[in-house]
Amino acid sequence: MLSIIIFSAVAAIALASGVAVFRVDSMARATYALAISFVAVGVMLLMFDLDYIGVITILMMVMEMAIMAIYMIMFMGMNPALMPMSMVHNKRWSAILAVGAFLLLAGCALLIPWPERTGSPAVDLTVSLGEAIMGSKMLVMLTVSPILFATIVAALVLANPRGRYDRWGDALRRSTPDDPQQGGLSR
Amino acid sequence: MTLQLVLVVAAGLFCVGLYGALSQQVVVMVMMGLELMLNGVILAVTAFWWFLAPNADGQVLLLVVIAAMTVEMTMGFAIATLLHRSRGSDMTDTATDLSQ
Amino acid sequence: MARRAVQGSHVLVVEVPGWSETRMRVEAELARSGWVAALSPADADILLVCGAPGQELAAVCEGVWAQLPGPRARATVLTEGGVVSTLEQLATELLDEARQRRDARTRSRQPGEEGSAMQHIQSSAHEAHGTAHEEGHSRGHQPAEPDADADADADADMDMDMDMPMPGGIALASGGSDRDGLEMDVLNVPLGPVLPHWPAGLVVRCVLQGDVIVSAGAEVLPAARQANDGGGMGSSSIRRSTHEQGRRAVVRHSDAAVQVLALAGWSSAAGRAGRIRDNAVSGAALVDLAAALEQLGRRIKRSRLLRWTLKGIVVAPGFDAPHDGGSRADAVSVRDRLIEWLDEAVRIARGAPDAYESPEFAAAQHSNLAALPGLITGTDIASARLIVAGLAIDTAKIAYAPEPLS
Amino acid sequence: MTGIAAVNPIWVLLAPIALGLVALAGAALNGIVVAHAQGRSVQSGMASPILEIARLMRQRRRTTVAADVLLWRIGCAGLVVVALLKTAVIPVGAWVLADIPVGVVWFNALDVMVWAVVWLIGWGANSAHSLAGGYRFLAQAVSYELPLMFALVTPVVAAHSLRVSDVVDAQRELWFVVWMPVAFLVFCMSVVAFSSWGPFATAAGADIAGGILTEVSGVDRLLILAGRYALLTTGAAFAVALFLGGGAGPLLPDWLWTILKTLLLLATFIVVSHRIPIVRPDRLAEVAWVVGLPIVLLQTLFVSVVVAVKG
């Protein structure tokens, strides 16, 4: 019983801050509302004994939102003061679609006769996760890691306007790169 | 806690995110909508894992979802930067020039 | 409790061009009594103006005064002799509960109103304004924008209009292309004249993107009158004894070193230089100081970390530009200047003549001020602060000496 | 086998007091160092944190024009809260408040919280200088975070567990600092960095008039300053648990050893910080990613190989 009450409270926080993301008047508040939503979901994961993944979710998402806030302000430049803002299009259709999707999903969740639980969770879930990653599910992780690496490279290629010829000169012969901001290494 | 309760909460998060992703004009705000949808997915996966088949595979799936989120974020930021650089704008509407 | 609270008061010291030695006296007195020099108005209990500020500078001081959180007290010191007694008097003023209550009552609760004078003066570093911005919305409405047509449909759906309320009455920032080719907000932020480790009365009006300076303009806010403690001597002042000149030169050089070291965040070396300076101010024998200065100079030359952190921060770009775009061979870095000052101070302390009275010195201050905007454009605030400290502009010379003939 | 056990939850009330006292000792030491540099007596330096607390309690809080007060206040209180949450997993001798299975990750998640909190302090004030402070901290955080994560992973690999008590137990024979010195150093530097302290205090630097501290006064300022000391203290205490054998030591009881080692490490942080110039984030980033990260990875690899060979 207690767990249901706690879960409902956390769920309410997650949903309310999720809604707040698109309702508040400042970029910073929107971003941190999303962060709160993620932290609430992380806490829910903790309630399912998923210690590792719950804490990792909180860690990753707070980090992501801290960076995201910068992008929000960089590209949308909003002041900390609360300027009324709304930049939506197709508001009505978006709302209709979202509500429709919710009714469909919630209906499925409530009406489908879910099967009985098979098996029981391992005693130490973190250990079982580690064994799965390094054992039977190793292939998954082996696939994820090059994808992540490719993402880093691709994102840098997309976002970085300056190639090595801009930095090192046409003949790549400069002793130090011509950067707008000097780095810490005398390369 | 029951499976149904958790799934309804997850559906709620997913659809709030869906609304945001569909309605927002700015790339970064659209990304926030997508993030919120994935947030719902994480919760739903957890619920299925816990209530239906609590073995290690479900946890691996969660890790994959989180990895997908980071990929989405990284590429989103890169594309937003690229758009901003090339057009001085990051509105989704202005990014549809090519399709016209 | 209240008595304790006053024992470690934080003092915001505002130096008027020409009263540098008074300011140093104050700093020495603060260090001696365990008080602290405040970094910003919010940090301060006491506003202490050293010297007689001119009209603009006085207005800035009013703005800063309005930003002190309170309990607060203020005073002006004009002579070095008055420092100790003024500080004591300020402490009792801070303890005067009735007076502080009255002060708190008369101040308005609204932060904008009490500081209204400074909104135009662009007072200290703490101009809270100008972070505002609205670029994302307004761009589609500008006819010059190439994709204005594509945007037209979208605008119709946007339920916003152009004359939306501006929070706090702050104008919105406009965009501009940054050094990486991204369009970013620009903020107009004045650096100075009330900043720690900053030349007296100097104001650098910067246009910032993030913390990168896009363009800048520098000026000096003058004092109301010429100081008589020697900082702002014009050509008419009497020539002083050689020893006095030497002492002043050592003080000047070591103070410049203090500012650079403090901005480089090397607190132990800055403290060392500060003590040498304070000894010189209070009239210690120069020969004794020479040894200490020499030792400090050796320590600075040895420090690899300082070399690394100051690398490439240049106060004189040099003219021999190699074609590969690397740093120029004869560029003078802040670190070079720092070592130069200390060596020069050692020489003067041992009896070498000082060039302070010469017209060339005054001319150099003017040309440094003129070069300042060019040097800091394109750098971030941290580098810009080091460059300004590395130039060590003697603003007293600029506020009074006539413009040199070029 | 494990000597460390979770204590009665009632001790939760005592933990903030203990943390506060150790942090206060750190602040007093800092006062002494400053007083020594200024040629004042040791007593006046020791008293300076008390004076500062009294002063800030008496000072009024400020607000600025069009500040985001909600986020600002959250940020100001946040550092202390993060530090208190960190104490939950730090063992003192044989006692720990919550010996959760993923204690090390918990610590890491909380120091990521510091990113958000510091940025909020900088953002909320609506002032150019404090915002610059917030940006600087994030730039620095991006530089130190990955080396920090691998530095945290290294003892975990050696101990086969994310539980802090297991990590302490694994050091029965040999303290981890002996065979993972690089990880220890990187961890210590990161602790100083996330407390924005000493050479990594650019976010609160004098060149931007105190950065994140520019606009705060009164209780808010007190909370931030206390939070920085508390973070430094918890970081030192965690380093003791991860690398310095926890409460292991001769003669004295183990809880006293933990506190002694923590104080010693804290004192080192404070004294060394005064002797080093500030490290600006633009300089740090390249070094941290190009030099720091590979070195820590090599350290982790070394430890992993040793663990694998030993079996």
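Order as written gives the chain letters A, B, C and D; numbering starts at 1 within each chain.
Everything below uses one rule, namely that a contact is a pair of C-beta atoms (placed from the backbone, for glycine too) under 8 Å apart; a residue touches a chain by one contact, two chains touch by 3 or more.
Just so you know, these numbers come straight off a predicted model, no measurement behind them.
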item	value
Core chain by centroid distance, with centroids computed from Cα atoms only	D
Pair sharing more residue contacts (C-beta pairs) when A-C is set against A-B	A-B
Inter-chain centre distance, chain A versus chain C - centres from mean C-alpha coordinates, in Å	42
Chain centre separation in whole Å, for chain B relative to chain A (CA means)	7
Between chain D and chain B, distance of the C-alpha-averaged centres to the nearest whole Å	33
Rounded Å distance between chain A and chain D, as computed from the means of their C-alpha atoms	26
Touching two or more other chains - residue numbers and ranges from chain C	131-132, 136, 154, 158, 167-168, 170, 175, 180-182, 210, 308, 380
Multi-chain contact residues (two or more partners), chain D	66-67, 125-126, 135, 282-283
Touching two or more other chains - residue numbers and ranges from chain A	56, 67, 75-76, 79-82, 87-91, 161, 181-182, 184
Touch list for chain C against partner chain A, complex	131-137, 154, 157-160, 164-168, 170, 172-173, 175, 179-182, 184-185, 210, 308, 311-312, 324-327, 378, 380
Chain A to chain C touching residues, read off their complex	74-91, 161-162, 169, 173-176, 178, 180-182, 184, 186
Contact set on chain C toward chain D in their complex	1-2, 4-10, 31-32, 34, 39-40, 42-43, 45, 67, 69-71, 104, 111-112, 115, 124-132, 167-168, 170, 187, 189, 195-197, 208, 210-211, 262-269, 271-272, 275, 303, 305-306, 308-309, 380-382, 385-386
Residues of chain D that touch chain C when the two form their complex	35, 37-40, 44-45, 47-48, 50-52, 54-55, 57-67, 125-129, 131-132, 135-136, 199, 201-202, 205-210, 213-218, 221, 274-280, 282-283
Residues on chain D engaged by chain A in the complex (per definition of touch)	66-68, 70-71, 100-102, 105-106, 108-109, 112-113, 115-116, 119-120, 123-126, 135, 138, 141-142, 145, 162, 282-287, 290-291
